[in-house]
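We call the chains A, B, C and D, going by the order they appear; numbering starts again at 1 in every chain.
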Amino acid sequence: MQKTALSVDEIRQDFPILKRKVGVGGSKTLVYLDNAATTQKPYVVINAMNEYYSSYNANIHRAVHQLGEEATAAYEQTREKVAKFINARSADEIIFTRNATEAINLVAYSWGRKNIKRADTIVLTEMEHHSNIVPWQILSQEKKSRICYLGVDDQGYLKMTDYERVLKKEPVRLVSVSEMSNVLGTILPLKEIITRAHENNVPVFVDAAQSVPHLQVDVQKTDCDFLAFSAHKMLGPTGVGILYVKKEILKEMPPFIGGGDMIKEVHQQNTIYNDLPYRFEGGTQNIAGVIGFSAALDYLAAIGMDRVRNHELEITRYALSALSDIKDITIYGPKNLRDRGGVISFNIADIHPHDLATIMNEHGIAIRSGHHCAQVLMERLDVAATSRASFYIYNTREEVDLFANALLDARRIFRI
Amino acid sequence: MQKTALSVDEIRQDFPILKRKVGVGGSKTLVYLDNAATTQKPYVVINAMNEYYSSYNANIHRAVHQLGEEATAAYEQTREKVAKFINARSADEIIFTRNATEAINLVAYSWGRKNIKRADTIVLTEMEHHSNIVPWQILSQEKKSRICYLGVDDQGYLKMTDYERVLKKEPVRLVSVSEMSNVLGTILPLKEIITRAHENNVPVFVDAAQSVPHLQVDVQKTDCDFLAFSAHKMLGPTGVGILYVKKEILKEMPPFIGGGDMIKEVHQQNTIYNDLPYRFEGGTQNIAGVIGFSAALDYLAAIGMDRVRNHELEITRYALSALSDIKDITIYGPKNLRDRGGVISFNIADIHPHDLATIMNEHGIAIRSGHHCAQVLMERLDVAATSRASFYIYNTREEVDLFANALLDARRIFRI
Amino acid sequence: MSDDIYREIILDHYRNPRNKGRLTDPDVTIHDSNPLCGDEIDMHLKVEEDRIKDIKFEGRGCAISQASASMLTEMVSNKPLSMVKNLSKEDILENIGLTNLGPARIKCALLSLKVLKMSMVKYYADKDPKSAGDFHDESVKY
Amino acid sequence: MSDDIYREIILDHYRNPRNKGRLTDPDVTIHDSNPLCGDEIDMHLKVEEDRIKDIKFEGRGCAISQASASMLTEMVSNKPLSMVKNLSKEDILENIGLTNLGPARIKCALLSLKVLKMSMVKYYADKDPKSAGDFHDESVKY
């Protein structure tokens, strides 16, 4: 365990965009607090893709020529790195997709259409992202299965009693939960959820879009069956998602996207599919994106996920305390820092989040406002929208101060 | 119509990779003849992505902050450009996917599962790429529909008499053909195919992965119903595919990938989907890739697709004549240049294409060998594999000479 | 600039919206939302002799979308439908005095116009498809 | 370097493969192909007293894959199954004298070993699952 704090000043030098000027007349230095939506990219990631395009760009897997071999090696090494990053048993359990959303859909279409039957229950939570709701709704419409939502209590925690009741009473066939809420920041008791599910022979899908970037994730330790996340939320490029599936399950999954590279032999009326994991990667992949992601993984590994987490805890603590001084503010999610990530959702008086974001923007501060693709949770919280600030390794206390000051300016503008 | 020839020397300056040294000890300058697999990228494309990552990287559509607005504008402008490039009526008819393969799967899953019924016939050709075969096989397995393959004659042309017979005798519900074969180079008589299909109320899907990069494509002129292609085969980044669907048809298509951004409202048990075309773009898209593709479209538009085509015709003519001097060579595909693109597949004596590619590689020449994801065609040609050289705007006569010389060396090594 | 956007009149319409509520027995009622932020507007209309006899809206969302809706209802109340047909994006932005909004916020300002035009399309859909078509307005779609 | 790869002996095995054909009544027969290039190998084996009594292959593909298959059949013919179990990637590459192939071509050289090991897994599958497992070899998979 590395115990030394992270050197934010040095880290900031690695991110070209942090020098960007924004706001009225380009007068403000960018304060980027929209990391839960997507993070910024360090030079090493941008350069890795440049390097690929400038010196060994080629299609992978089928080429005998040197560029093709180099590109294939770089692509497949990334698969190994991903496996290591989340401690999968084998790189064969790692499938590259377009984003976390496609990864979830892949499982809903492939595993889901084969295994979910009429009247089966799929368990989600009220804090799921739309990407972990809509695919199951589409599936349920087809299969006439049911979706059941575990409740969220007023402190932003999952109601584990709901879970016990549902496991006992309903024909649960799948549990799919996000490890960390992108709105409340709540970190779920994954180990417990998975253990209880497995005791009932129910597999568990983990939407790790918000956890893998911020926490040490270990798929063997939690023993989850499926796990999905996106490269772009962890310093990597857009257009790359990752799906982990336990090999025993993956082996039995029918293909999803059909086409080149996922086959072994194609005949007029039938096809022999390729070995794992290639069977699930049809067509030309986002090769540059995967290679860029490789650099992002190296970058995060060099820092160490424990230090990433510690830095976020520290900034979040500081921000929560700064915000709590502001009048008429409502902050959502757990109070206890240990149970939450670096995401703070809030509302101030009758200032609508959209209006707040516009005011922030003039201060050069990028925050997110809206439903955060979590409308079921918005209904639960009985709000139309929230504002959200989310942090990453390059955010500083000074940025939090600027943010808190801008909130005061919003109060002034709204004459509160 | 621009009549002046394309200035290949200048164009070559725009592609960093063309300075790459490869082969034994890095002693050879790269001769890249694997353009049908993927093309190289000019600086403008690489730089457009760098610019995005370095100065306005943000998630799109939902952000109020400046970076988000800039990124959204750049992304949506690309959609407009694509629409213009293929002469679609509206940018709403353009959907970004992961690659051409996913675009075909999207239609097979969404339109196909809704419209293809038991015993319906889907018409393909013997020269289709696996990406335009496997999705229809998966669909047909589910729906118990039938796939019928139009034959290819010994000159590499589509047997139009087959087509007439099938249209007359079978309950055809979809015709899906590639506009240009990635193996034979054959350009199909698309207008005729589509007219005859429409007379029978049958929609037509065009796999344009090999045509949009090389020919002027006009979806209004051919009146195709669906069209798919990949950015990476036309100077653009990996991880971006394009699907065009006529608006009347698109409006009636159920969603495919469910998740963030493709919805308007999500409730616990139901969802209202977003307007077109967003309904089909679930999750965070390959924003950088789309923005890079924008630069590729500008680059090609500035050259003019007529000049691209003319250059390829000229190089192909030169190459066909150089190859025809080599003993024991078999060249596949139409003899008439007007009917073919810049793709030459061939075999020499008993030298297996894989072995040939290895020998070429030592000469610094990247060609492709194998089944080219067209095993049905390989069966038809009764070969296990072919070698393939494919050209693009930066290829020169000198490169063709090097290639022809290397073929002679292969004969020597194989003691023929 | 925010000071320009959130002028007294905008905040007033936001906090004290005019014509907010429902109509008993409306001729047409329609709902839409902005997928980008979740802002919602319902419009309820009573039409008489090709005029908007009565109009009410319900909704939730940002100051811009709600003030814009409130001001729009005042603007079209008792006006001929032909006026609604001709209302442009620019008319709305001028009416609310916000002519330099960024692309994301423009959508907030225009949501109510979009819903109003949709309600006209719906109103005419069966009676008079040609007129319905006239109300289709690409400039307010997003 | 190509001159090193395509030595006389490789071309000889390619053009005059040993043990090519089928067996009547084999104990195990198995087919696989290299998804990367379409090379195909079928192996037919007759096993007696834990020895490979007879072996034949069919296939089509490049000089490396076919010569490698031909040389492999010579190598294991009449040998105990335990020898097959222990055969490594390196053994094959040394046997055919090609130790500096690139990653794509290595797969050609190893296809026949992969198929041979698969045939052992199949042979033992029902009789003796534990032994079957012993023949699983991650190093020859691709």
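Just so it is clear, a residue touches a chain if its C-beta (ideal position, glycine included) is under 8 Å from a C-beta of that chain, and two chains touch if they have at least 3 such contacts.
Because the structure is predicted, anything quoted here is derived from the model rather than measured.
Averaged C-alpha coordinates give centres for subunit B and subunit C that are 44 Å from one another. Centre-to-centre separation of subunit A and subunit C, using mean CA positions: 37 Å. Distance from the subunit C centre to the subunit D centre is 74 Å, each centre being the mean of its Cα atoms. Residue positions of subunit A touching 2 or more other chains: 62-64, 66, 68, 261, 263, 265, 354, 358, 369-370, 375.
Multi-chain contact residues of subunit D, defined as those touching 2 or more other chains: 36-38, 102, 105. Contact topology of the protein chains: irregular, matching none of line, ring, star or complete. Of all possible chain pairings, those that touch are A-B, A-C, A-D, B-C, B-D. Within the complex, the subunit D residues that touch subunit A are 33, 35-38, 102-105, 141-142. Considering their complex, residues 16-17, 20, 22-23, 30, 32, 34, 37-38, 40-41, 45-46, 49-50, 53-59, 62-68, 98-102, 104-105, 108-109, 129-135, 137-138, 147, 149, 230, 232, 237-241, 255-263, 265-271, 282-289, 354, 357-358, 360-361, 365-370, 373, 375-376, 379 of subunit B touch subunit A. For subunit B in complex with subunit D, the residues that touch the partner chain are 24, 350-355, 358-359, 362, 369-371, 375, 378, 384-385, 413-415. Interface residues of subunit D facing subunit B in the complex, by the touch rule stated above, are 1-3, 5-6, 11, 15, 36-40, 60-65, 102, 105, 108.
Across the interface of their complex, subunit C is touched by residues 61-64, 66, 68-69, 72-73, 261, 263-265, 272, 274-275, 278 of subunit B.
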